[in-house]
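What follows is a set of structures for review.
The two complexes that follow have chain A in common; it is paired with chain B in the first and with chain C in the second.
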Partner chain A sequence: MTLLLLLAVLDGLAYAALVFMVAVGLTLVFGVLRVLNVAHGSFFAIGAYVAATLGTAAAATAAAPVLALPVLLIAAILVGGVLGPLVEKLLLSRIYVKDHVLQLLVTFALFMILEDVQKLIWGVQPIFQDAAVKALGPVEVGDIVYTRYQLFLLPGVAATTLVGLMWFLRRTLTGRVIVAVTQDREAATAMGIDAQRVYLLTFTFGTMLAALGGALASPTSSLVPGVGVNMIVLSFAVVATAGLGQIEGAALTALLIGLGRSVAVYFAPEFEVVIPYIIMVLVLLVRPYGIFGSPELRRV
Partner chain B sequence: MMGRSLTLPTLLGVALLIGLAASAPWLKFVFTIALAKGLAVLGILLLLRAGQVSFGHALYVAVGAYTVAFARPTVGDVLLLLPLAVGAATIVGLLVGLFVARYRDIFFGMLNLAFSMVFYSLLEKLYAYTRGTDGIRVIPPTIAGLAFERVSYEWVMLGLSLALAVGLGFLARIFLASPLGQALPAIKARETRLEFAGISAKRVLLVSYVASAALAGLGGGIIAMTTLHVTPLLAYWTHSGELVFIAILGGGGAVLGPFLGAAVFELVRVYAAAAFPDAWQMILGAVLLGIILFASRGLWGIYEDLTTRRAARP
Partner chain C sequence: MLTLDGVDVSIAGTRVLRGVSFSIAEGARVALVGRNGAGKTTTFRAIMGLVPMTAGRIGFDNADLARVPAHRRTAIGIGYAPEERKLFPTFTVEENLRLPAEVLKLPRDEIGRRLEKAYAILPEVKDFADRKAGGLSGGQGKMVALGRALMVGTRLVLLDEPFQGLAPALAKRYGEALLRLRKAEPGLAVLISESNPDLLKPMVDTAFLIERGEVRPTAL
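Let's turn to the complex of A and B:
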């Protein structure tokens, strides 16, 4: 019993770290661009697939164990750096002036397209590449043999991302420019800030975060079609529970939902998928705009 | 405000549909499914009028379909099974609706997606009741107490769906012209002003939401009795996406849009999904983008433009 609980907590931490990586990108992009990107889940999935492909290629070389971890980061930068600007320039920049429903439909359409792009490139058979987990090896926690990858690396990367992002947004010039555009785009533009560039930058960065989440997730589970949709729905649950646009809040709810889910995995497996949404619905019933969110100003 | 008369296009559509189904027997099945989906999309259209889009209405299609599958061993007739399907979808729609009608835009769309994915995973995981991904086979029910052999069963189901589609399309038109229906575009335009006028936006949306759930449940019931097999895939997000796609393809301008969209969609799907099984979603996504960016009033809008120009309205 205690053993199971400990295992559930460890799994929950690792899982929460992954969910946070995706959710923080989703919430950051929403905060700045005011567009909820449904295709964010596809970026997660494509990041995972590219990481697995690169990982398999790296495993064939002589420097295999050294390369196993860096390829994850390379995959994320590659996916974010290529897909981010492409999608922002070609698609999103056309729809900032349209209403929310159309924006949602456009990103949903993109999501449909990218889901099949994955199938066309990587097929529908499960893909598994765990070189990164093997490179770090196992560790003993009490009586449990766990992977160092999931115990240290995943939470470590998530914590670094959170702290780094907060530092970036509050202490650096670029970060403050991004916050300024979020608060009042017109005033920021009048001060000589190029809002278009801020949008492009933020979206690319958000895409990289999703892809990094996918790359980090790839060594711990096999990749099948549909991982993208599960992740977008789950990370939306995290973001909505926290309040749209809340970054620290997303970390806390990711932890809450990650732990809740992994406890369910061990004690009530049929309800594994339901737990995050029960948490979300309960929170939203009490606080309709999320734990840390506040209602937007009413238009009169 | 009822807009232009739909009598002629409806009659033409019905005649064309029956004519085609008579000349090519396999089309009976395709058209019955198209009409069932058209009914579900009619529900989506009500919500679109309020500027809200649900990415989870496959939930209600699945509720309707599984109600038929669960009830079939004890209830043997279509005329009882369909009301059951509608009733179940209405109840679930009311429960979920009480929650989601508080939200707009992004939250509305995504919360619906979340509910449908939860239902999907429950259908998949609770194997003891739902037989998981294997799904449940539905024995052909009797219709009004009469047992039909296969070909006549297909004809009767098509006729029934057609009658329901015309009847409910007419009702939806009356609803949209009623004060309640007229409040829907107001939610999209200026919700606060609607509230100032003393009308509860939440209640207006809830009524439309429950109606849309009931329509989707009816569509699901018809699908279950036509395909005679239900699987969790009915609740999957791709299916919800299809419904939204059909709504946008058909166009939100008139109640005929959903059925026009559904018929075109199902006909194209018969060929395209077989030719490009792994690129089907991609084609849908690309066409959806094209419509949103370049022809936002859908097929019905194109039809209207064509006929209006010919009539040379001032």
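Let's turn to the complex of A and C:
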């Protein structure tokens, strides 16, 4: 029982870290651009596939153990740096002033297209590349042999992302500029801020975070078509439960949902899939704007 | 310096500004007087490039402002204090004041100099410089919005209904700040909109009346 609980906590922490990486990008993009991006799940999946491809290529070289971890970051930067600006410039910049429903449909269409693009490039057979997990090796936690990758690296990257992001938004000029656009785009423009540039920067960064989540997830499970669907649905649950645009809230909610799901896996497996949504529904029944969100005043 | 020539603006299919024409010379203090909904705020937003024009031209030093993106208008010396203040609530007052100057990448000592100048004109703002802007009263917010406009408004400052909703004592202090500004910055042009012209008498030289989107000169 204690062993199972410990395993559930360890798995929950690692899983929460991955969910947070994707959810924080989603909530950041929504906070600034006011677009709920369904295609965010595709960036997670493509990040995972690119990391696995680069990992396999690196594994064939003499420097395989050294390259196993950096390729994850390189994959995220590549995917975010290429797909982020491309999607923002060609697609999103044309729909910022449109209705939210249309925005949702456009990003959903992009998600469907990118799902098929993944099948075209990587096929439908499972892909597995765990060089990064092997590079860090195992560790004993009590009587459990666990991976250092899941125990230290995943929560470490998530915590660093959270702290780094908060520091960046509060202490740097670029961060304050992003916050200003989030709070009032027109006022920010009147204060000399190029909101279009901020949108591009934020979307690219959000895409990179999703791709990094995917890259970090890739060594822990097989990649199959639809891997992005699960993550985007779960990320939506995290973001809605925390409150849209809430970064610290997303971290705590990811932890709550990650641990809840993990405990369900070990103690009530039939609830594994639904437990995050049960948590979300319970929270939203009490606080319709999320745990950390606040109601938005609208002129009528 | 600033010339509006036949400016038309339509919002949601309604013509809000109809051939608005007036000009402001260097150092002039000009009032734009009109009732609520007459088009004062739209005129200001058109000058700031925040609303598209359907006809006409806005010139600044003979340059066509249509060619200057909205976010570059602070770079040519135009400061704007919106009617609803529009401060960034999670920033402190001083962070709000600094932001437009920092975005312009002004040298640190120049930002410090401008900040001191703003505090000299609005001494009470310095007293709550460390407070979050979200916790200010409406009147304090108006003062900060003026200070923020002064941080980048080196040629022209647009003050949209600064006295709207101010208690009489606060309105008096705001008026005194504008008189201090006139003394300290004689070359700075100021355009103030107001629905009650009596409040502006000691502060402006000329006035225009705006009615249903049309502007004509008027006496105060």
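The working rule: the second predicted complex is superposed on the first by the 300 of 300 C-alpha atoms of A that agree within 3 Å, B and C clash if a C-alpha of one lies under 4 Å from a C-alpha of the other, contacts with A are read in each partner's own complex, and residues count from 1 in each chain.
The rule is short, and it goes like this: contacts are C-beta pairs under 8 Å (C-beta built on N, C-alpha and C of every residue); 3 or more make two chains touch, one makes a residue touch a chain.
In this text, all values refer to a predicted model and were calculated from it rather than measured experimentally.
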Who does A:Phe168 touch here: chain B (first), chain C (second), both, or neither?
neither
The chain contacting more residues of chain A, comparing chain B with chain C, is B
Based on the superposed arrangement, let me know which partner A:Phe152 touches: chain B (first), chain C (second), both, or neither?
neither
Pick one for A:Lys119: touches chain B only (first), chain C only (second), both, or neither.
first
Name the contact category of A:Tyr266: first (chain B only), second (chain C only), both, or neither.
neither
Regarding the shared-chain residue A:Ala190, is it in contact with chain B (first), chain C (second), both, or neither?
second
First, second, both or neither for A:Val177, with chain B first and chain C second:
second
Flag every residue of chain C that touches chain A in the complex, lowest number first.
48-50, 69-75, 80, 82, 86-91, 95, 99-100, 102-104, 148, 152
Contacting residues of chain A [partner chain C, same complex]
173, 176-177, 179-180, 183-184, 186-195
Looking at the complex, which residues from chain A come into contact with chain B?
36, 38, 91, 94, 99-102, 104-106, 108-113, 115-117, 119-120, 124, 229-230, 233, 236-237, 240, 244, 269-270, 272-274, 277, 280-281, 284-285, 288, 298-300
For chain B, which residues count as touching chain A in their complex?
48, 51-53, 55, 99, 102-103, 105-107, 109-111, 113-115, 117-118, 121-122, 125-126, 190, 192-193, 237-238, 241, 244, 248, 278-282, 284-286, 288-289, 292-293, 296
